[in-house]
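What follows is a structure written as structure tokens; I'll ask about it next.
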């Protein structure tokens, strides 16, 4: 069942601020262009792409942290219109966001109890202080921060990175969402503790039927944790499909390049050595397919026209002239 | 270490301002015919030309000087917090307008403006002087706070609070404000120093209420009485020293706060343990 | 000429505090005009010695004669006087000067009601007034410097004219000007032959502060300034050489606001007067630089003729018991007043403090409040105060001072700015005495009328004299002698008083 | 043929709340012309070790023991820790150069890329003429794939990849024997990272310098390095060739790391990860620092400190592979 | 150039604000200069002459708006009215006479304070942990000392007690202003103590400010890299660390100019220096509206100009802003 869906989402940022106050109007940053993505209950969808390609923007659009320039967000098939008031708070209750950096996403001044208690209060889940306490304990239990009593009164700086991220997850769970968007939830964590957090997310999705969007730049990680992977490049989606199929039989040259470039000690032959150029500017993105300047197999048409979506079966699709 | 010294100095002067007058009891304005006496057992810091006891004046003056400093810093900080937080959090045209206002007050030279304003003041009591100083002294704090608010507002925990459904007021006061407390404290302390100096300057120029004893007015009288020329150093040195000491105390506390926020600034007892 | 003709040393004078000088020598400008312009360059018709009320010395005019019941005065002018550019001084110059004052009220700081001025002969000039002006002789003859018609008539606007190259009839001419120093050298063709003896005057710009150092370091020969500790800073153990003389110049009184119902009661004022220890105020707040005022407020010595004979020896005394007795009938709860003082006047602030202490002893609670000078001016002017301290300047005779303190026409309703009689004294007898004085030319009569005013001062205490305002003057006798003194008060000794300063200079003799 | 030998090196960060033993008794050899990978989690002391070797540590860091010996091509040995003044300055960059994690931060923002290369040449090759220096600058930039006209660009005018290349060009300016690269590609796009790694290899083959490559991305190291050293809590816990480590890791920590990396190809194996959290360096567990997280810890592990012997520091393991880890 | 254009726009707006403020303050505040003048003249003027004088001083009863327009019109022609204190001298003349002294004194002193303070700050940061740290408490203390107190202390020690330096005025009494060595020497001699006051009192801020930024900068990778490159310490310290650390300090320096100017007002008063500060006090004491307004305006505009220059310097020194100006 599709819980949360973004349709043709586009986001242009204007009025960027320079280092010293406003330095005149800048052209818009076309951070996200025409992105459609659907999250299913109980399933993990990965959104993969390089730094700056617009992943977080998609996440924030879905979570309605800011409004889309165009396109719409649908919750259980209903378009979301409200941006304030009770209706919007209701949306907030259903869709939650987890941030990349557990060191930054908890207010250093508030205790764990406050961080978890507030959403319970705001959304009316807690009826009294004792009830709130019980619920907080329950949440801590769910994210395996035990013994619960010990963690409740800690300040963020008294927690390790993995523990903080767990608190952040618990906070998101506190509102009892149906969809959870995790924006690079482990990229700031040490390799050895990443796994625990990811496992927790996986378990939650499976147990509570949450729809989970897992945003990452680590395509190998996505292969392990997501049923579906969607690849993004320079603000656009370029390929999507079931994770195994996508990682093993990628069709878009960028996906392939990504797979080739990812470090892999198991690799038999090292990837060919060519320079691939730089990622494009989002202020003035290349016309046509945005990947064409770096594409090893670009056709003349690639620079003219953006390719339409090509279905490849099993829910695997791509935007590439070569695939047509 | 620094912060301890600073707090020590401040505590000393605060206690002096609060309880000193009770201990001393005497009227700081009381004159006597024992004018211009050097320090002695009876007058620890000597007397002024009109036989007022310098120590008593210093003790009472602490109230006024620190009072003006704290009062105007409080007013200035409230303005700064309001302008900075609102501008930084609300953004858009409001922010633009507040920024321009802030910058205007920032570049206008404060002391000349204070002098001009004070020159017009009909009442030169402690409160009105404090207000004038505050009116010209809030901009720096507002600017720093706005910049900080802008950056804190973008911090993940604020976004997270928003995402979990917190309202704007609660975000400003419960999420952003606590984080800014060190900045507010720093700016408050800096304003206290500036205000004490401004009050002293005004009194020294005779533009504050000279019938209240403050360190600034003591200096005015010392200067008027040519304490320097007649060698009455005990009349002229203590008030200035007190101002400088209190400023030093405040600055030390401030640097201490800075060092907590930015550990790189800490001074290190270096290289002793380095390799042989 | 000064340098070539005489070997006598220059005299360094400090008259007014200034950081820098503006090049302004228009004697009719109020501020900014450089000291010496009146008196040393531009002279008046007569000289009035305020220290000897009634002593009038002919100067540019030899005599005067009233006519038309005091609406007209004719001066006979000295002959042979020359402007420093060589032109002769004539009646036309005098007529021009007064006509100018009539035409430009902005310059008419004495508010003379001039109807016209006419040169009757080269040595005779008549000035007509709208009203009886006997009492204004000082303002006409003693305080209106005469300017040369042949130069000033060419000026478009005498109001803004700065007279950078002043030409006068006085003993000195301007010889050098810069922003921090100007010099005047002796006028070789001055009409008093052989005078002055001082060949060169130097006026360096000193701020109040800088002057103290200069005095201490012996840079200045003649100054008129408040010196906080005159023994240490100026006298420096050489009283025979570094002298000072601070004669009275007006009186400082404790102003009771008579519109206050309690202060309006004479016994309350009497009690206050009895409670205040004026000696202590003079000693502590005024550093002994002045004297306790005579109960009439008339400057003494010098003003004896204007004081009723029975009061000539009177003096204030402190009597707490009597004061308490007087206050018996007054509700003690109502004996609370604020005492308003301009806070920059630090001696008054101290005096107020002492008054507060004294009045507390008789059960009067006083809160002293220091306010900005302009606030004080405005509050006292509008009658918005309980008690205050204020100085009333002296005039050529004590009448001027008493009139300013007591004349009913000056007492404006509370809320309107008054220009005198700030305590708002309303008394028909007082007004009668004052008006009669203005209507007579007879000096004996005038003295008698003034004595009447003195009696009112003593008996009814409309305002409470405290001490005299001292005129400041410090001078060194190593170069020149002949300075005014208590024994010979031939002129105000302060270098900032004109034309007295010129009179002093004309008395100086090289050692 | 070692170009550098580190023996028993320890570095402490002194602070009020006790000394942090960031590097503790590390011994390591760097061979001429090899790429030595240095891996380990955040805070395990990698950068500190590099800083000590390059003599870049500042207070409160203090080298408390050990030696670093540099062997010149002509056979002379140099005690790096004893260098001072001009000798130290000459050692830096002529013999040893450094490339930092983020090029944005390691290039002076207010001077042009060319000027920053020129700076090095001017100081270290005093006889070189201006034109020669300009020529050399161009050549170096070309070598890393930056066109000559970019010489006058300021760092902020270049893209991340170009800046990183420029930093490498600066490192190459004097043909040093050793280049330390401290996470030189972490901030970059994987595609660009790949390009740069390739470039490093090519240049290394051309010039023959040795590289110390620091990262916490073990899979990256396995691909690029000849040999790898794994650090945990300030100590080197295992060294070996990339192949050995890949096939047969001998330290449980190494194994844990390997099993924390998801793989792109092949079957989706179960990822095991490492339980627990990294230790607090101020209060290290006694014995083997890893023992609280180690699934196979024995009683001795908590009391006895294992020494690095034959490439591994673990009591469990006397030189045999922990288990076969060959998955290809 | 866009950056500069925007800044310029801002400064124009601020200048307008200063001008308007200047117009409003005296009109919103109570007080009548003529009454004061009379009170101060102690009987040298008859109260009846007040009205006439009021007219002479150009005190007008026109509507506020009309006054504002007149004021702007006069200002556009550089007319600031006539001073009351120095009537009938034009305010512009008073300012023209006093401004050069202040500009010279404050300019030179600030330059010295900036150069020395910045260098000391750089050095202090560089030599952290050495005996130079002992400068810090002293700087902290100096940072809080009132300008006038420093001035008084210097007067006492070097003027009154030792008599090494003159303690008032701008040049010797007998020196005629002109382009002579004697005059220049005298000016320098007289400026010594006031300049030292400003340098001493304002330098601490520069030292502390520069040190803090510098310390932070020293931790930057590019500085570590510069050191690793084997450059000489001098070069690392100046061309890399200080060169970057100066940038954030430029703005704060420009903004602190307002404080320095304020402090110099007090300094001038202590030293009876014939600059704009002494004039300002005179204006305030005498409720000389036109003079106060004129001086405040000139000071404000001068500080604005200085800030704009700092912005220019910033653009020149920081290539990152230069790019914005394409």
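Here the chain labels run A, B, C, D and E in written order, and each chain numbers its own residues starting at 1.
Keep this in mind: contacts are C-beta pairs under 8 Å (C-beta built on N, C-alpha and C of every residue); 3 or more make two chains touch, one makes a residue touch a chain.
As the structure is a computational prediction, the values presented were derived from the model and not from experiment.
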Mutual neighbours - chains that touch chain A and chain E alike: B, D
Most remote chain, CA-based centroid, reference being chain A: C
Between the pairs D-E and C-E, the one where more C-beta pairs touch: C-E
Euclidean distance of C-alpha centroids - chain C vs chain E, Å: 40
Rounded Å distance, chain A centre to chain B centre (Cα mean): 48
Mean-CA-position distance for chain E and chain B (Å): 21
Rounded Å distance between chain B and chain C, as computed from the means of their C-alpha atoms: 45
Contacts with 2+ other chains: residues of chain C: 209, 213, 216, 374-375, 378
Chain D: positions in contact with at least two other chains: 59
Multi-chain contact residues (two or more partners), chain B: 121-122, 206-207, 223, 229, 268, 270-271
Chain B residues within the chain C interface of the complex: 29-33, 35-36, 49-51, 121-124, 206-207, 209-212, 221, 223-226, 229-230
Touching residues on chain D, where the partner in the complex is chain E: 54, 56, 59, 88-94, 97-98, 100-102, 105-111, 119-120, 123-124, 154, 156-157, 167, 170
Parts of chain C lying in touch with chain B, wherever the complex brings them together: 209, 212-213, 216, 227-229, 232-233, 280, 283-285, 287, 341, 343-344, 346, 349-350, 352-354, 357, 368-372, 374-375, 378
Parts of chain C lying in touch with chain E, wherever the complex brings them together: 19-20, 22, 24, 26, 29-32, 105-106, 108-111, 139, 143, 159-162, 178-181, 202, 204-207, 209-210, 213-214, 216, 250, 373-375, 377-378, 381, 391, 393-395, 400, 404, 417, 419-420
Parts of chain A lying in touch with chain D, wherever the complex brings them together: 50-51, 160-163, 190-196, 199, 217-221, 223-224, 244, 247-248, 257-268, 270-271, 273, 275-276, 278-279, 294
